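Letters A, B, C, D, E and F mark the chains in the order given here, with residues in each chain numbered from 1 onward.
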Amino acid sequence: MRPSHRAPDELRPVRLTRNYTMHAEGSVLVEFGNTRVLCNASLEPRVPPWLRGQGQGWVTAEYGMLPRSTHSRMGREAARGKQGGRTLEIQRLIGRSLRAVVDMKQLGERTLTLDCDVLQADGGTRTASITGGYVALADAIQHLLDRGELKQSPLTGLVASVSVGVYQGTPVLDLDYAEDCNAETDMNVVMDDQGNFIEVQGTAEGHPFSRDELMRMLNLAEGGIFRLIEAQKAALGTA
Amino acid sequence: MRPSHRAPDELRPVRLTRNYTMHAEGSVLVEFGNTRVLCNASLEPRVPPWLRGQGQGWVTAEYGMLPRSTHSRMGREAARGKQGGRTLEIQRLIGRSLRAVVDMKQLGERTLTLDCDVLQADGGTRTASITGGYVALADAIQHLLDRGELKQSPLTGLVASVSVGVYQGTPVLDLDYAEDCNAETDMNVVMDDQGNFIEVQGTAEGHPFSRDELMRMLNLAEGGIFRLIEAQKAALGTA
Amino acid sequence: MRPSHRAPDELRPVRLTRNYTMHAEGSVLVEFGNTRVLCNASLEPRVPPWLRGQGQGWVTAEYGMLPRSTHSRMGREAARGKQGGRTLEIQRLIGRSLRAVVDMKQLGERTLTLDCDVLQADGGTRTASITGGYVALADAIQHLLDRGELKQSPLTGLVASVSVGVYQGTPVLDLDYAEDCNAETDMNVVMDDQGNFIEVQGTAEGHPFSRDELMRMLNLAEGGIFRLIEAQKAALGTA
Amino acid sequence: MRPSHRAPDELRPVRLTRNYTMHAEGSVLVEFGNTRVLCNASLEPRVPPWLRGQGQGWVTAEYGMLPRSTHSRMGREAARGKQGGRTLEIQRLIGRSLRAVVDMKQLGERTLTLDCDVLQADGGTRTASITGGYVALADAIQHLLDRGELKQSPLTGLVASVSVGVYQGTPVLDLDYAEDCNAETDMNVVMDDQGNFIEVQGTAEGHPFSRDELMRMLNLAEGGIFRLIEAQKAALGTA
Amino acid sequence: MRPSHRAPDELRPVRLTRNYTMHAEGSVLVEFGNTRVLCNASLEPRVPPWLRGQGQGWVTAEYGMLPRSTHSRMGREAARGKQGGRTLEIQRLIGRSLRAVVDMKQLGERTLTLDCDVLQADGGTRTASITGGYVALADAIQHLLDRGELKQSPLTGLVASVSVGVYQGTPVLDLDYAEDCNAETDMNVVMDDQGNFIEVQGTAEGHPFSRDELMRMLNLAEGGIFRLIEAQKAALGTA
Amino acid sequence: MRPSHRAPDELRPVRLTRNYTMHAEGSVLVEFGNTRVLCNASLEPRVPPWLRGQGQGWVTAEYGMLPRSTHSRMGREAARGKQGGRTLEIQRLIGRSLRAVVDMKQLGERTLTLDCDVLQADGGTRTASITGGYVALADAIQHLLDRGELKQSPLTGLVASVSVGVYQGTPVLDLDYAEDCNAETDMNVVMDDQGNFIEVQGTAEGHPFSRDELMRMLNLAEGGIFRLIEAQKAALGTA
């Protein structure tokens, strides 16, 4: 039995609260159980130097944890003077995942920056960031459509993400912190609404996993992401 | 008339939400109107190297703004690789203000770190941080008392803070962003519940202020801080 | 047809040259075609602070590219003052992969650091690093066994890695730079000699991949890794 | 009685030596007793990026202490790789204070940078920096007038600064290091030659101060600054 | 007798392998005995900002040691976040030495960057870098001549370098690590093919040297550099 | 004729002012003409980690230029976040030069740090730093002898330094900035009072120098250093 008493294929309660803060073009608080991430999408009418003059846009992401979002206080990255490897890895993953559903030509010479800041961590902060980040992104794009700055949405689909793992020999969906710490294997899966994979990142430092376990984890992820995409559509009123 | 339509001596609505996140020993969301700061107080059973073995504790603070807490997105300090001068100045102010009401001997060899992270900014983030931070600090100390780790509270009083300024020639209390941008003078005042001053920081880059204006600003601040301390007591259930 | 004229399941020529430099306890030049990485394994009789006194060892990795290992010169990370996100991500991956086949208790209070420095890049530098790094690691451990510092090898298996991708609709093995640039999907797979997965990292920024494509890529990877492990055994004289 | 045997309202001997070094457009060694700060004003015919094309100038300041300007040697900030919070706070204060008496339109598209480097510290380095810095600034502006690059002085007044504090219950003026260490309260006041306040920064980490103490400290500061402005005028030959 | 059993005026075996890697315009592995440095010369069609529009080029160098090029592992400079003083000193020396034989007007608005990366260190890495670097530089310039981008070579001569020292009272040539550690005096000499000096850097931390010792060291250096220049010519096929 | 109208073998006026500041154990303002460097020697009763427990001391140096010590303002290294290559090179040279005349065993487990801060630069700041730094060092050691903390001086000799160069074909002594900029060759020489060399650093980026020119420059340097050592003895009252 899982520490969370959930069934192996059961997600934690998911909440997507739009317009959580007032300045960002898209602002979503995403909750996967006790994990809470504030996803703010910002629009800027320019692109990075290496993209200038090509008539296309850019989508990027930054990720951070508040120092006391975790069980014991972590040092503040701004005070330490650099972002750690885990932070950089996560924000690169979020950026790639969102770019997979945006047509950069259609977006035009604009940068969409998604800031994912973890207010409270209980496992799955990167998957929550992608899932909530998509909704913030959709709101920021709607903002452009509403003001007539874009005629047509550059979004080519929806994207969501969930973790899966093997806990005491059983593949389980959406691990919380207690489960994640004791999982033998941990995999983050990102998929679009066509059921295709955008990212598959499985790690088995302690216990290598077999082809069969991989398949069973992917099945769980597929089911979970389908439900997360439903939650995104409901939140956006497009269900 | 103020942009906010408030009377000159009128505070914005103040809200202090305790237990806002689950891991910190004290966690308070403070709102001064649209300004929202998450204040997390963390306890650690050790002190900085220069205090070791002296049988006393330490209280310190860190401050940060989420990149899109502001009208236009600010660069993330962790990504830029250092905290700016304004950030360091504010976190030093918060630390000094809170240390003024803590008996370090009584606290014992512990460090209390207050993290003030601005979720949404609309002027007065440092004064909100001090005011909300005090409540988080009180909760963290109550946590020690409840667990029997401390016999007696090291708190020697309450502390709160508010800004005052001169707006179109009239001294006004608790400036929001629109007022702050156009104020001729800007002052942050920190006081304790005995009506004494802990910090007075007045700045008049554009328009030097007279002794008379100073007095009128201090009067406004005194009144505002009195009401903020009432709000702190109400939140803590000690009113 | 692939730019390299190889069959879809064909590896580039693999060369593993041991004792490539004279100071390191294990020193291997690994070549996957034109990709050349120098893998040096260093032993130090201490562990990081967070592991001290637990009677176990640590394996970690660092990765770097010489500035002109690539088509056009890249800025030197030491001169820029920090390692980029890609570098950190790769060295974390190499470290996890090697730790998966080392029994840390058996290793004892020692740190094994693997430095992977790319002399010439033509795609697949991280997979070559893992594959060649394992051989350097094995040599460093043999060094301990030969001197009687260890009675029994802490190695629990072999580990190797290869990339797979979808090139013009066809899954292909071991992409070189020209193929990698134009691949729709790119996946790095790390496996042990039992045929289990240690890492699976698939990325599809441009073209999401289906379950079927994933399976076909994993099949290719499995075959390639089997052959790489044969090459490792041959190099170590344990085939 | 004060450690310095001065009367409560007595300044230390003040010396302002112009043309102290030969390259800067304004170069003043200011001495407040044993405190010695070299203030060099440099002119550059450009403004920071955010001011370009607006037909106005900028005044900014940098502050540093030589490592052995103090009782025991401090680490060199250049070697540590960053300026500390106290340094940034002081240089921001100096910059704001000087900007308060310069008409930026009149200055035109030029930057005036004031470097304040402490050769010997004995309390009051920031107030000496502002007081001496004004004289260096005036010399740099005279340099522009003399060469016909400016027709009219952009200076709108004089500015000087002094510290006040409460020492053993008595408000005292211009604290030296021995007094500052033991003062219960410490306040830095910046005023112009009209008797208006530009900055008031009072800090009472140990002993909150009353309204009455504040008034008495401001009275002392007012008297001291009046005399410092006389000294500035005498040095500039405009008394 | 020298630890290396060489005669006092005997160089270690020198090897210059051209085209060692495939991307750089000039790529030379230089070996002075067991010291091995990879010298890659890169061409870029632009100059640093301070040289723009002057119709002349620039030659610069960067130097690094692989972490395990040495007896015990050194920390990676990229991970530590800065290049050490020794590294900066050496790369400045290499840059100056090469610039001494290049006519910058003739080179035109191009930058030639020489990367010297030490694969294996056994003393004399800086002198090997200069000696091998010259050959890489010559190859990069030939590359421009071959493609018709330059009509005439900007090279004005050849340059090579060797170390000399006083070992147990006897001046010796080309010190290896064991000799260098125990030498009383250490000097690096850079000369051109006219027999003139470009750099003379003698250091005698332990044992100041006399004019006579200096003369005898310079004689040895002169003989060694003559032979190194012969080796460069042979490698370039211009002997 | 030299821009300074000096004879080729003529030093600039040299001034050594002891006790220039009040906190340092040795504090000397050294002037070589218009070049002015403040040399402060600080004693600390500990050694760097790599020397602990070996019963010997350490001597090290740090060097900095005030931003406006030069013709046009240089960026402050503390603000830029790192010391440049030239700074590191000079402070390493100063440290080595002083260590050459100190018996580390005799010094005992103490660190002597020499801070050389350039107040005004007109060429020769590194040679002035060594020459003045020696006097500050001697004062700091006398401080230890006076207080009975040392029984016997660890100084084994005197050390001084001067620059020489070839200006319009003529070897000249002690170049000022105008001469240095136009010199074809530039050499810094450090010698002890026995007439032996401690450092010889000759650089000829523009015009390689012959053996004959080298000899003539060394002759000039020898004469100059002899007179500088006389000046040191006079300043210390040991002439």
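Quick note on the criterion: a contact is a pair of C-beta atoms (placed from the backbone, for glycine too) under 8 Å apart; a residue touches a chain by one contact, two chains touch by 3 or more.
Please read all numbers here as calculations on a predicted model, not as lab measurements.
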Counting one step per pair of touching chains, how few steps separate chain D from chain E? 2
Which contact partners do chain C and chain E have in common? none
As a test of understanding: of all chains, whose mean C-alpha position lies farthest from that of chain A? F
Selected from A-B, B-D or E-F, interface repeating C-E by over half of its contact pairs: A-B
Using C-alpha centres only, name the chain that sits farthest from chain E. B
Whole-Å gap separating chain A and chain C, where each centre is the average of the chain's CA atoms: 28
Between chain B and chain F, tell me the centre distance in angstrom, where each centre is the average of that chain's C-alpha atoms. 51
Taking each chain's centre as the mean position of its Cα atoms, how many Å separate chain A from chain F? 59
Two or more partner chains touched - positions in chain A: 81-82
Chains encountered circling from chain C by way of chain E, in order, are C, E, F, D, B, A
Chain E touches which residues of chain C in the complex? 21-24, 27, 34, 36, 38, 40, 42, 44, 62, 64, 66-73, 76-79, 81-83, 87, 113, 115, 117, 119-121
What residues of chain A sit close enough to touch chain C in their complex? 82, 84-86, 88-89, 91-92, 96, 99-100, 187, 191-192, 194-206, 208-211, 214, 218
